[in-house]
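Structures incoming, each one as structure tokens.
There are two complexes below, and they share subunit A, which is joined by subunit B in the first and by subunit C in the second.
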Partner chain A sequence: LSSGINAEWPLRPGEEFNTYLKNKTLRRPSYVIVTKTVAVLRELVVSSTWHHPTDLIRILKLYARYLPLKQSNETVVSNIVRRVLKIVREECSPTEGNAGLSVFFKKDSPKSSVETGDQNELKENICAGIEELEREVENSKNSIIKMALEHITDEVILTYGYSITVRDFLLHGHRKRNFRLVVCESGPSLKGHQMARECAEGGLDTTLIADSAAFAMIHIVNKIIIGTHTIMADGALRALNGTHQLALAAKHYAVPVIVCAALYKLSPTHLCSYDHDAFNKVIGPEMMVPFRNANLHSRVLVSNPEFDYVPGDLVELYITNIGGHAPSYFYRIVSELYHFKDFDLDSETSHDDT
Partner chain B sequence: MENFIKHIKFFISERNPEDNQKDMKDGIMEECDRYFKESIYLAAEAISELATKRIEDGDTILIFNRSQLVVKILLDAHNAGKKFRVMVTDSRPDLRGILACERLTAAGIPVSYIYINSVTYAMTEVTKVLLAAEALLANGYVIGPVGTGMISLVANTYNIPVIVCCETYKFSERVQTDSILFNELADPCDILSNVRSDVAWQNHPNLHLVNLVFDATPPKFISIVITEVAELPCSSAPVILRKQLNTCY
Partner chain C sequence: MIPYDTKFQELSSRLKLASGTSRTSVASGCDLFVRFITLRSKSLEEDVWDSKNFDNLKNHLVERGKHFMKRLSGSRKSIAQLAYPFIMDGVTVLTTSMSRVVMEILAKAHEKCKKFKVLVTISEPDKRGHRMVKELRSRDITAMPILDSSIGFVMERVDFVLVGAEGVVENGGLINYIGTYPVAVMARSLNKPFYVAVESFKFYRMYPLRQTDLPNESKYLSEDEAEHPVVDYTPPQYINKLFTDLGVLTPSAVSDELMKLYI
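For the complex of A and B:
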């Protein structure tokens, strides 16, 4: 720990969050994790002792290394940490980094709070930034589902896996449009069952099919609307197991694939190897072969990867809370949302922050 | 089935109508036995011999569900001393791949087991895909258990050869371009079987369950079809049909 920082962060909420992330038995939608992360980081900013924004940046990065990010595989947590770091860096030096159109509006800006040395004002500004982030996260789903009527008509829509955003998107579209929904059961986790249930209960005409039938059914489908776990920096997806082959089948039949995801899922990372070494996680095989067939487990290698890499050119459109985008545009959004020094949160060489 | 009936009808029409009933019956039974022996059992042996030549040491072969013909080919290749690995792909609601796993591990072949959704993940390691067909149509489409189309598509994307094994009695004059217009529906409740959840929502009026049995795979995804008379591309299916027609009429 370098000098100048009092490294006592508010341990209680930080520790609680750590335990929460480590607990794999809870079913957690991304939205819930994001709101918790924002709350914990805000607490951290308010209660820890720091004198200069660079100290705060160091504290936040230390906290990010303390969290079990790789273990829990929740990329939204790292994304929110990066957003907050960006907010702090903007307080640090407002005109550094991306010279966007904001430069034209900031010509007569008052002297930055860093220069006046007023720590309270700094804290207030950072907290205001975090509150804005909180509001953006809260409204992200609503911003996405409002666009439903622009993208759904009377047709047959296929969906895969379970996503609250996609479910509400479809239910919102159902108010005025008359379409039929086909849901793949998305084994072996069978998340599609929950999706089919909630959509049927919401009034949609839902058909549940097995995943192997997706290729057979896809030629009568007009579009595919899916959610995702993470959006990669090049517009690719890290989505539920089985999404890649669905996207390939869609390309063969020229069916557009539309992804509904909020921007807190956008991660400035890329796929490094087609073997999915660091990209994918293999989870327990009991979903596929129950443990009572232990005989089989001991002689057969059972693989159950959790994620799938879908290249950006297989996706037609992304619907995010700031509007619709083509996959090729995400490099720009990444550079606007995150600071390049925060792309790698694990790095040990984070002493050259300023 | 259709082909067998045509064959028998033709055989009956060729017989001398003055034969007595017993001779006629014996003749037909003999012909049936001969047909089974040649077209089904011996055909399987011939296909296995041809397919075994295609399997090399160090291969990783992907198979789908449980097919007696494919498992037989793999066992024969293993007995012939070839060293390879098998990846068994399975799909709900049948989950018959587990049976294939058991048969193959009993013979000592190293086996991996994946779910059909993970084929793209596994395809980087696969060298060949070996599939069995339920029928081969006159326009080259292969009818197989549902999921075959998906696997062939992914294999084609990764440039992995797809080998389909099909006896000639499965060739059909029908033509089809999709899997919906002519298919079989199995019990829809099978989709929801083995699922640990409460049953109330399963009877919701808005929810429909569709359990397709077959799947039509376009010929461009298939590299080669191995039959007992020849190894041919999918588009040559009408040639075999014409040969069969010639022997019939």
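For the complex of A and C:
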């Protein structure tokens, strides 16, 4: 770590979280990771020694670089760090706002617009901001599922993969609406099986189909409701492997694709190349070829990518905790939730903060 | 304030006439400059504006002008910083005519040791594509000129298209040297990403719906309409992303940025 931080570096909460992230055997819903991240960051704000908000910003950014974010592929952690950074920056200089053409019209404002005298008040304000973020995260799923009755009628809905948000969305809709659910088994992880089981246990009329049957079934489906791992800055998706094909099939039959996702999944990053170099992750092939059969496939390269890129124009509507949006609107939400200086958490120029 | 205002108008129109094919970018740059240096901010500068001291006011305007210039000259570098990750090893980039912003991006990617190939359309009538190729080759970047008519042939081998801009209009559409529109349509038809690299001072308050909606002084170098136009308009649906010094934007974000400025 750099020498820019003082000696009282609160490693303990950070270290536990670090180990937690590195542990890939745990199956972790995004919501759990997000709540843990907010708690760790709050701990960091309260217990680390900083005299000026820019020091705090530097500490948070260094902490983000210390976490194994690339290995664990949990973009929600970086998103929450960015949210907290925005809270801190807002306390630091409330009039700054976001970069825009109006950046031409602002002279470089003096660095310390906040006296170091009321540092305690500043800390309190930042903690209040973080608590508000915590509440938003807690209520995000409920805000999404409340909109179920507006979007579901008596129809046939198709879903893909396993998403807690989508499952609860559908179960909430089931209270007053009568609809049939078709679930694709979502190979090779076969997460669709768990989805089908849980929805059926909740009382829904569920049908499980193979992914290859999706195109054949789509003409009787009225809408597709899916979850996602991440929402990119241009309204595109980084979703479960196989979602892009489903979205293309939907487009062919003009079936709307609706994505239910909380805003902590929104990441201000873009897809840089169709080769998915930094975008995708290849996971173990044991889902496709069990280890006992490895001999039969010893000369074959078995590739099991985890994610799929779905361009924004294939998605009709996003249902987020702040309401329904078109994919083209996300540039606006990104500029409201995150500060442009935090888009790139890896940048080496993290000391250039004002 | 009236005398100096007309002086600026005069200077702007003379610059526009002199700038040949870059009329649109000069026009938007001038508009923004005039707005910037005459902006009265409520905070610190009240006394400067209200005082009878003309020298003070003059110094203030000059200082603002310098500040504006500083922002502008940094914009190409920040665009290059933002855009070079989109150039991966082994890609083939297609570009049109001569753009210094695109040059900066490609140079940055090359500096970061990426191996890529650039195809440049020759861009009739003044064949400025050759200048781009020469400049790229002088920096050791593999560049090849291609005929404007062969973009259809070449497009399947291209990974993405990256062009500069004369101007970006309110709906996110692009005004660029003639020949850009067919490249955009071709890229869309073969599903290749079409990226635009543009500085934010080129955002222009205009909402053309068709090619004929562009003002004549942008399109034609002389009064004679029988001449060939020098720019064309690419509608926003053909553009995937815009790399600007305000960040990576989608076409829908452009009008938002313009509104923030004028309201």
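Operating definition for what follows: the second predicted complex is superposed on the first by the 328 of 354 C-alpha atoms of A that agree within 3 Å, B and C clash if a C-alpha of one lies under 4 Å from a C-alpha of the other, contacts with A are read in each partner's own complex, and residues count from 1 in each chain.
Convention: a contact is a pair of C-beta atoms (placed from the backbone, for glycine too) under 8 Å apart; a residue touches a chain by one contact, two chains touch by 3 or more.
All values reported here derive from a predicted model rather than from experimental measurement.
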item: Partner, of subunit C and subunit B, that touches more residues belonging to subunit A; value: B
item: Partner chain(s) touched by A:Tyr66 [first = subunit B, second = subunit C, both, neither]; value: neither
item: Which of subunit B and subunit C A:Asp234 touches, first, second, both or neither; value: second
item: First (subunit B), second (subunit C), both or neither touched by A:Asp308; value: first
item: Touched partner set for A:Gly203, first subunit B, second subunit C, both or neither; value: first
item: Which superposed partner A:Tyr331 touches (first subunit B, second subunit C, both, neither); value: second
item: First, second, both or neither for A:Phe343, with subunit B first and subunit C second; value: second
item: Overlap of subunit C and subunit B interfaces on subunit A (superposed complexes); value: 274-275
item: Residues of subunit C defined as touching subunit A within the complex; value: 32, 35-36, 39, 41, 67-68, 71, 85-86, 88, 91, 159, 193, 200-201, 203, 241, 246-250, 252-253, 256-258, 260-261
item: Touching residues (chain side subunit B, partner subunit A) in the complex; value: 90-93, 98, 101-102, 105, 110-122, 124, 145-147, 149-150, 153-154, 157, 178-180, 183, 191-192, 195, 197, 201, 204, 206-212, 215-216
item: List of subunit A residues in touch with subunit B within their complex; value: 185-188, 190, 193, 196-197, 199-201, 203-217, 219-220, 241-242, 244-245, 248-249, 252, 274-276, 280, 288-289, 293, 296, 299-305, 308-309
item: Parts of subunit A lying in touch with subunit C, wherever the complex brings them together; value: 99-105, 107, 233-235, 270, 272-275, 277, 328-329, 331-332, 335, 340, 343
